[in-house]
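In the two complexes that follow, subunit A is the common piece, with subunit B as its partner first and subunit C second.
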Partner chain A sequence: MQVVPSGNYIPFLSSGENKPKVQIKSFKMDQTPVTNFEFNQFLKANPKWRKTKVLSLFADQNYLKHWKHDLLSEGEIKKIGDSPVVNVSWFAARAFCHAQQGRLASINEWEFAADSDNPKNIQKILRWYGKIKKNQSTPVKKMSLGKYGLRGMHGYIWEWVNDYNSVLITNDSRSTSSDKMNGLFCGGGSLGSKDASNYASFMRYAFRSGLDGKYTYSLLGFRCIKNM
Partner chain B sequence: MYLVSAVLMLFFMISCNDNVKKSSKKWPPVESLPVEEAKLTTAPNVPPAITRKHPAKVVVNLETREFNAELVDGVEYTFWAFGDSVPGPMIRIREGDFVEFHLNNHPDSKMPHNIDLHAVTGQGGGAEGSFTPPGKTSIFNFRALNPGLYIYHCATAPVGMHIANGMYGLILVEPEEGLPPVDKEFYVVQSEFYTEGKFGEKGLQPFDMNKALKEIPDYVVFNGKVGALTDTNALSANIGDNVRIYFGVGGPNLQSNFHVIGEIFDRVYQEGGTKVAQKNVQTTIVPPGGSAMVEFKVDVPGTFILVDHAIFRAFNKGAIGQLVVKGEENHEIYTGKTYEGIYMLEGSTIQTIPKVKEKKDQVVNLSFADKMKEGKRVYKRNCAACHQKDGSGLKGAFPPIAKSDYLMANKERSIKILLKGLSGKITVNGETYDSVMPAMSLDNSDIASVLTYIRNSFGNKGKEVTIKEVKKVRKEK
Partner chain C sequence: MKLLLLVVMFFLVSFTLPHSSLFNLSSVWEDHNGEKHNFSEIRNDKYKIITMIFTSCPAACPLMVSHVKKLDMSLSKEQKEKVEYLFFSIDPLDKKETLAAFHKKFSLDARFIFFRNKNEASILELAAVLGFKYKKIEKNLYSHGTDVYLLNPEGEIIKQVKESFNAIELGKKIP
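Presenting the complex of A and B:
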């Protein structure tokens, strides 16, 4: 795990005249997204999260659809063991992190660690978003290095955060939760966002706002963090 | 803040009034409606006119996809689209229809998508009810309260990028009484693309956010790519057809100045409304997120060019389409070219450059040397522009003076040409020329001098021309 030092962070979507700065406490973060191999180890110890066992409340029918069986075969481990695990639900990702005495990062923690405000990153990220070619099977150790020694924060997969739906429920005295949500659908979003031209962040926030806990998808994985 | 509130209140008051008007119309309850599936068409095709005389429940199935395709030969772009082409399919429903709208986001998409149909009365135009992550389906319903031609587009953040990548199309809500029948209907949408490389730069071109923010596109196109409506893809009609074009602008930024070269729109339903706002229109402005219906009868054959008349967009960025009209020529309306000749400033046939003042001939017999000197001056002023300084002429247009068999063959004819002009076919040094030379308003002395000069320059060698000889020819009829 890599140490992400404490710091101040202005959330991407914030409204009002006083843009609140958020104090981020130092934490440790997985250097890479969780791999298929690591998730397989977790399932060996926790059978209830295997795909034939998992409750439909906690994962939809596409859960681990890229795995042939409940556990990976030797051949599959060779082939995809080092690639990030995808097609996992928020519930499963959360359970994985808890089993490692960790947790999923909050949106603020994730965005802070990902250095996603850095203008240099933005066009790079946009290119990934705009590309059809999938590279989610890149071995995690080969993913590009970002700030704080973290690999693959941008340009490979989407990642679960703990409060992915907080954009919907964050409230403030002048706007209802549903107004905030509309901000992501139409022009209103540009009023509430820190930087209207940061389209890359817009897309991440828009993506997260459409999720629900049992949703799984071929480009959505996760990594864990631990408090210091 | 107060101002905003006031404006908002005003807005709601207006829309309330509008709502009162709309809701005063009683539509049959949804359960009582027959159910049918909407027939969607890919541009430039238009779904068939609606023949039923009552509302129905219409099921619309639309899929969102992300794919690579050509923007112009050799240039690829990653499109986001409704369906598998840009613009998305055209939807045709009827005023009062109740629409069950299914939005299906393909599992291979990277992005969540939704749809804002400008034909919808309801939050976000349906965007709020159709936000769909990859691999999921959303359903929402709406009543088509207002007839007209409407844009639909994706409204997921960042909206600009979803539109810039191709997520738009048209939905037509026919008025209860229907639209007047026409012979040919076409579906055309204009939009722009912003790429990192310049127009025509080969390879897969990524979206350029900075160009989009500055609103300087590299491509302005009809129906999603350069050449979507030209050559083998051209629209076609026959003489006598009444043509209607359902025209929309996806944007994201630029309005269209829609014009069909060689046609006049007989009727324009401006802004996609249901009333003919103007007749006999040359160019109609269509805003991004807007539309227009234009109608015109094609009377003569030919290739009629659809353009955005902000003309650099047409000739340098791709905003060109073709409507090929077949049938017999009608010379009562248009003849085509009936003549081509040299443009003469006044009149049509052989023209005389007017004399300022007719002088009495100076009967001074110049020496050969003086004629040569004077003749050179006259030549430079009157002849060199066409026949060139060195007498070489211009192939195909102006016959040569230099070593000219035609000139040297007949002295009298040369004098006559200068005095009376010449038109029609002649052969000079084996080349045929078919043009016009005007009669020159030169006095006899100048003509004698210039002819002496050219007959003894540029490799020619001949006798000098005298004033007497010129006088003689001038007297001839």
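Presenting the complex of A and C:
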């Protein structure tokens, strides 16, 4: 795991009247997304998360659909063992992290660690969206290195965060009275964001707002963090 | 022998839950009377109307409660006997006293139950199985959805409304 030092972070979609800055406490983060091999190890010890056993309350039908069976064969381990595990639900990702005495990062922690405001990253992620693939087979150790020694934060897969369900687009968004008005207008959300030209962040937030805890997708994986 | 078979069958039926049942959850919640319940023990023969609120909520939550109360008023006597109303707090700082005060303030009967949980992860887990969105803004203040859900006695979500003022529509699905 890599240490992400403490710091201040301004959430992309700001809410909370007087203190847009959020203090991030330092934490340790997996250097890479969790791999198929690592997830297979987890399933060996935790059968209830295997695909024929998992409750439909916690994972949809496409859970681990890129695996032939409940556990990986030797051949599959050679082929996809080192690439990021995808098609996993939030519940499964969370259970994996708990089993390692860790947890999923919050949106703020993830965005802070990912150095999301860096224009280089914004360009990188926009290029990725431009030619998005159906699956991701890059071995995690070959993924490009970002800030804090973390690999593959941008340009390969989406990643689960703990509070994925906190991106509110409509309903009771009472953060500020002006925010409430913004919600009524098309494109209104951009008025509440700190940098309207950061399309990459918009896409991540929009993606998260469409997620459901049992949802799985061929480009959605995760990594864990630990408190210091 | 036949009797034994019947007994075994009875236990199988009563203990096998549908895979999508919310009663597969095992978090422990305290109700407004101070009683603790494992989530799976909330199961009985009643339909459940479920939503999430917090008691220091300035506007939306009291409205949500009154919308749910309106739903109850729209039901027939038979329907009323088949349903319970469960409100789960999204605020881990909510106390059973404030939940009880909320219950009293709306003059609700025993079919309306408020629950709290000190463990943020359990609250988030329940929100995730419901598909309920909320966001902490600061201490004792949250933004949140106003979704209301109808569960059958087995704990499966059979209908949901996005806006609590439409809660009355859930009544049509209660036999």
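To be clear about the criterion, the second predicted complex is superposed on the first by the 201 of 228 C-alpha atoms of A that agree within 3 Å, B and C clash if a C-alpha of one lies under 4 Å from a C-alpha of the other, contacts with A are read in each partner's own complex, and residues count from 1 in each chain.
Everything that follows uses one rule, which is that a contact is a pair of C-beta atoms (placed from the backbone, for glycine too) under 8 Å apart; a residue touches a chain by one contact, two chains touch by 3 or more.
Values in this document were obtained by computation on a predicted structure and should not be read as measured data.
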Quiz item: Touch check for A:218: first (subunit B), second (subunit C), both, or neither?
Solution: first
Quiz item: Counting only touches as set out at the top, which of subunit B and subunit C does A:162 meet: first, second, both, neither?
Solution: second
Exercise. Pick one for A:35: touches subunit B only (first), subunit C only (second), both, or neither.
Key: neither
Quiz item: Thinking of the overlay built on chain A, is A:138 touched by subunit B (first), by subunit C (second), by both, or by neither?
Solution: neither
Quiz item: After superposition on the shared chain, which partner residues are touched by A:108: those of subunit B (first), subunit C (second), both, or neither?
Solution: neither
Practice problem: Using the touch definition from the top, say if A:57 reaches subunit B (first), subunit C (second), both or neither. | Solution: second
Exercise. On the superposed three-chain arrangement, identify whether subunit B or subunit C touches more subunit A residues.
Key: B
Quiz prompt | Which of subunit B and subunit C A:206 touches, first, second, both or neither | solution = first
Self-check item: Partner chain(s) touched by A:127 [first = subunit B, second = subunit C, both, neither]
Solution: first
Quiz item: In the superposed arrangement, does A:90 touch subunit B (first), subunit C (second), both or neither?
Solution: second
Self-check item: Intersection of subunit A interface sets (partners subunit B, subunit C)
Solution: none
Exercise. Over in the complex, which subunit A residues touch subunit B? Could you list them?
Key: 62, 122-123, 126-127, 129-132, 134, 181-187, 189, 197, 199, 202-203, 205-207, 209-211, 215, 217-219
Exercise. Could you pull out which subunit A residues touch subunit C in their complex?
Key: 15-16, 19, 55-58, 90-91, 162-163, 165-168, 171-175, 212-214
Practice problem: Note which residues of subunit B are touching subunit A in the complex, please. | Solution: 66-68, 78, 107-108, 110-112, 114, 116, 123-124, 127-128, 131-136, 155-161, 165, 206-207, 209, 213
Quiz prompt | Complex contacts: residues of subunit C adjacent to subunit A | solution = 19-22, 24-25, 59-60, 124-125, 127-129, 131-138, 143-146, 162-163
